[in-house]
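So that you can tell them apart, the chains are marked A, B, C, D and E in the order they are listed, and the count of residues begins at 1 in each.
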Amino acid sequence: KSTSTSSKGGNTINVGVDYELSNDLAQYGQASLDGIKLAVEEINKAGGVLGKQIKLNIQDNKSDAAEATNVATKLAGAGVVAILGPATSGNVKAVRPVVTQNKIPLITGSATADDVTLTSNGVAKYIFRTCFNDSFQGGSMAKFALENLKARTAVMYIETTSDYSKGLAKSFKEVFTSNGGKILGEEYYQSKDKDFRSVLTKIKGYNADVIYVPGYYNEVGLIIKQARDMGITAPILGGDGFDSEVVPQEAGASLDKVYFTNHYSADDTDPKVVEFRKAFKAKYNKEPNAFHALAYDEMYFLADAIKRANSTDPEKITDALASTKDFKGVTGTLSVDDKHNPIKSVVVVEWKGDKQVFVTKINP
Amino acid sequence: MMLELKDLHVYYGAIHALQGISLKVEEGEIVTLIGANGAGKSTTLNTISGLNRVQNGSIIFNGKDITRMSPPDIVKLGICQVPEGRRIFPNMTVLENLELGAYLRSDKEGIKKDLEDVYRRFPRLLERKGQLAGTLSGGEQQMLAIGRALMSRPRLLLMDEPSMGLAPIIVKDIFNIIKEINQSGTTILLVEQNARMALSIAHRGYVLETGRITLEGPAKELADNPQVQKAYLGG
Amino acid sequence: MGVFIQQLLNGLFLGSIYSLLALGYTMVYGIINLINFAHGDVYMVGAYVGFVATTVLHLGFVPSLILSMAISAVLGIVIEKVAYKPLRNSSRITLLITAIGVSLLLEYITMYIAGPDTRTFPKVLVNHEYTFWGGQISISNMQIYILVISLALMVLLQFIVQRTKIGKAMRAVSIDKDAAQLMGINVDNTISVTFALGSALAGAAGVLVGLYYNSIDPLMGIMPGLKAFIAAVFGGIGSIPGAMMGGLLLGMIETLVSGYINSNFRDAVAFIILILILLIKPSGLLGKNTVEKV
Amino acid sequence: MPPLLTLSDLTKTFGGLSAISNVNIEVHQGEIVGLIGPNGAGKTTLFNLITGVYIPTNGSLTLHGEVEINLAKASPHEIARMGIARTFQNIRLFKNMTVLDNVLLAFHTHVNYSMWEAILHLPSFNKKEAQLKKEALDLLKIFNLDRKRDTLAKNLPYGEQRRLEIARALALKPRLLLLDEPAAGMNPQESAELMELIKWMRKEFNLTILLIEHDMSVVMGICERIYVLDYGSLIAEGSPEQIKNDPRVIKAYLGEV
Amino acid sequence: MSKKMRVSILNVVVLVLVYITVQILISAGIINEYIQLNLFLLAINVILAASLNLITGFTGQFSLGHAGFMAIGAYMSAIFTLKLNLPFPLGIIAAAVSAGIIGILVGIPTLRLRGDYLAIATLGLSEIIRIIALNIDYIGGASGLPDIPRYTNWTWIFFTTVATIVIIRNFIDSSYGRACIAIREDEIAAESAGINIAYYKILAFTMGALFAGVAGALYANYFYMLKPNSFGFMKSIDILVMVVFGGMGSITGSILGAAVLTLLSMYLQNFPEIRMILYGLLLLIIMLYRPQGLMGNKELSWKVLRRGDRNAATINTQ
């Protein structure tokens, strides 16, 4: 079945949004949507793409895989040129067959699992992302822990229902142990938990050099606070899920020796980053987090591909996306590799008070 | 005139349960309401208590129209009911049930005195005052229901088949108690299957048939009426 | 040993939060036999009211708490009047569905107004951590507050329900509404009072827990609501000491499972224990084994 | 003739309360036996023990027949299948089922189609189900309820509910029928009709009946033998004449005339 | 008798017509992929609602764990078709059998627990199922099991749904079904009428679970992807909403309830910002106006549809 071409004629380019806007992942989905909306606003104000305005077709997938498929099918039927989202790897994988069949490109900003862009039949032709995959991010942090922090032992504190968390933990463990480190224990929490003391009591007993907490900011802020309150002093490490002002707000004065891998550091002086942060703050009156930034880049990434393809034909956009070279986004300068992962460097950032401080940069 | 029902119509959904009931109760009387199963006796009492919506007609109590009053307000006026099937509070103790009977009162002394009165009338309740009411036997529950109603010191007491399920010795007691309660100044509207007994203590009576009053008169007259004898007194 | 004691304390404090919610839950539950799914969301609204009171109105802790309890109480009454009262004679499962509707409404209206983001409270109460036993055991003042407050509320509620007139009316209404009316009890008012009380408790819990963890969001009520429901059932439906005990035990079980068995299976093991206990005591720990008299 | 049912040294306590203590009763095939006693004497408790709703604290219950059955070890539904049916003091109908379905349900123990036949609605099922319905209607006709077959049980007036309960019990095709205050809430006229019905039923269905009743005209009118319970113990046993004149019974239960 | 036959034949004819018409519309592309997806989802929900109705509506056992049974079936079928490369019918059978067996296990607590205590136990058991699934790497754990072959098509959907409805309806409409309803009405009276309540409660759970398992299999092999979190507590609630909304104790009600709520959810996709607000509001309004559900405990039948019929009148006044 070939794709509908209804979007070609009009004066707009229809872009589908399939995000987690309600239920448990609503925070992340809505954050992503905020980023996308800002980008669309800027693009349209600047005259659009190929002289056409971007029009978003926003749908809520209720944080559910089947609903994500449902919505994607609807969007495909409505003739969108590309789909942005979903936010999580599982939901992207659920949608993957739909976009493949309908030959529409999909860009996600936060589905990090390695196999999101890889199926049993090779690379998923229509799937792209602006975020790192788990191996790269988890591995980078492992290297940082070993080399910069001279850590020899680690405990991992993982969110049990999240593929992101489990994915990062897996690659952290692989790299950490294969380079001589030792994982003393793996402990688990659940998203929406608020009390972590029992497991932290246990973690305290491990006396590990570092604690790797690949999670999202909501719980991470609380974990850091409670850990420090209980007298756990080891550095706490994480991924781009740490990038939100919620972390210092929740953790307050307890924030100490907290490092995480990210796309940029808030103290980055790159004008692109500075401008984005300013624009975001003006529109939403808060600091952008990783979800905002990655989704913002999603939209520009797509716009860039449409421009280069000089067409709104999804197939051509797909090809353009696949051949992206040195696209300059907020979250880094990105090239798409043959596995549809963005090649961009990762930075390690430390939370110092409510400020992020650049520590080091790790190239792929 | 203490209580007057004027042409009362009540429906349960499509069922026309009361089809124009008119009756009167004078201060100080025992009036009995007899009739077959499903005639509408309980419906009449519940309607007076404010539990049913009146479609048509009116209820006047001491000159006051109470047709659309809420049950608690009606209790406040001094109309209390011993409901059919006892309706005691099974998960509460006997004592708590009695205390609830006095829910609207605040005269501590009076309540205490009435409680003693109830215990004197029903020594079995004193014996079991700490027991959960739900585990009482049927008869014990009936005593509790009557005792509970007395605790509100009603001016008009509506009693729905108070002798149902009671041992003969207690049935006699109950009727004696009803008489006694009446003599100490409480007006009583009594619904009974045990028509013979009811008519023997009542001043006046009404016969109810499928939602209508078919006969009325002094209790003696009714008891002697052959029609009543055949239908309600077992020939 | 120190660790074990710390774990027990962790469980106790976690449990006291469950208890705090379960108390209000069980009150409402006891009287209209309704699984008030919206209870967790009233708790959330209470937290948001506290947030607005402290950040926007710059009120102190106590005024914020009172404001939040008051607004929650009103919210509780309104919910009851609008959503539950018309359905009093319907099946309990129907009411459950309505409660879910109310719960979704509260969650997503809040999300619509305040956004989905996590908010943090300003420090109107300072957290002090006290350590004992050479740092092996640590307790914070907030934990003590919450435990003490929930214990005090339990005693207070138990007193109200068992000893006061309105409490007896509540119980009578819960057993037989018509018979209660015949006693002169105003059923509507009694139910309103119950909802007000239960919801005020939820509001208080919202502020306290919001302050303690310093993190609130529109969906924050779902899990605690569910846990409180479990705790209330566990302790015996309608039993106030039962709710307290159910909450504490649930907290303890969760903590000990994460601490000594496997944090991954925390909820699974907790549920297994819960089900086993229920199988032994089918009406909860302190629930009256109401053998129906045949 | 050996008795149909023997209760020996039967005891049941609730907490500290002895609701039944050391009761010995024999019921013979074909009898109508009365069980009377003051409120709270333990009559209903005795029924509950016989039907397996309560488990005895002590003593034994034996149902005689081709084999002797120890009822204390059986569950209520097994006891029902063995041929003991009952009615309840507080009517327990299936309120939201129709009159017909209430009776049909009680035929369940005699259903002769398999679940597969039912699920596939095979013709054999339809035939057997129609047969059941016919039997049920016949039974309802006896109780004058056939015209209300499609009424929900909860919408019946009280008296008809009592009759339906008896009809439902009969649908089990029992050997022994336990009636707990069947005349409660009936007026004398209705009670008299009920007495006729009970006598007729015994003959027609070859029943043995154990009856709890406070209405003395009913008890004295149809029972051949009467047991009197007081505070959980038997205080008298005998013919209606004997019981009527037994001073202990008069003192505890009947009251002076 | 002949009237019964006539009705049966009428039913069969209508069903065959529906089947063929939809099949033609799908082949012709008039029913596009999106409508088809929602149609299939609707049918799966019908199976779920009808099977839960058997447990909760008819037998009166308050279950909050129906999603657990669905999860078992879904994963089992996915393992059979994806991991073991076995044909779909085997997957469905495995789903039904395994969910049925779990149904027996879940049914056992019903022997001691009642009402909300039972609800908590069933909720707990389904959560246990979900948590175990989260931690089995073989089936993808938290990240889920992707790339499940899409075998579910209109033929499968149609015939399994119809079979489910017919079987449950016929069951209810027999002495066995009456036994279940009697248990709902009064357990003590049911026992005294010779009903083995333990047997029927477990039977109801087993049958209900079995069909939920089948629904799970259809779901797994249609949506490509399974995640344990799709079978959480809220999913059970969603199914319960369909049952209550349609009318507890009415199979046609379950069909209607599932249909209306599926379509509602589909329609509300157009309002992403306020979708859940609208949903909550609608739940509330619907329940307030129709507390007994669309159908109450009546069944929709040709009789009722043909107004003039006298029997229909009695059904309506019940």
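Operating definition for what follows: a contact is a pair of C-beta atoms (placed from the backbone, for glycine too) under 8 Å apart; a residue touches a chain by one contact, two chains touch by 3 or more.
Here the structure is a predicted model, which means the values were calculated and not measured.
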In the contact graph of chains, the distance from subunit D to subunit E in steps is 1
Outermost chain relative to subunit B, judged by CA means, is A
Between subunit A and subunit E, the Cα-mean centres are separated in Å by 37
Between subunit A and subunit B, the Cα-mean centres are separated in Å by 74
Here the gap between subunit B and subunit E, centre to centre from mean Cα coordinates and rounded to Å, is 50
In subunit A, the residues touching two or more other chains are 22-24, 160
Listed in rising order, subunit D residues that touch 2 or more other chains are 44, 53, 88-90, 92
Among subunit C residues, those touching two or more other chains are 108, 111, 264, 267, 294
The subunit E residues in contact with subunit D across the complex are 1, 4, 167, 170-171, 173-179, 181-182, 185-186, 188-197, 249, 297, 314, 318
Per the touch rule above, subunit C residues touching subunit E in the complex are 35, 83, 86-87, 90-91, 93-94, 96-98, 100-105, 107-109, 111-112, 226, 229-230, 233-234, 237, 264-265, 267-268, 271-272, 274-275, 278-279, 282-284, 292, 294
The answer for subunit A against subunit E in the complex is residues 1, 21-24, 58-60, 62-66, 69-71, 73-74, 76-77, 89-90, 93-94, 96-97, 113, 115, 119-120, 160-163, 165-167
In their shared complex, subunit C is touched by residues of subunit B numbered 49-51, 70-72, 75-76, 80-81, 83, 87-92, 96, 99-101, 103-104, 134-135, 148, 152
Subunit D contacts subunit E in the complex at 51-53, 75-77, 80-81, 85-86, 88, 92-98, 101, 104-109, 111, 113, 115, 118-121, 125-126, 129-130, 132, 150, 152, 168, 171-172
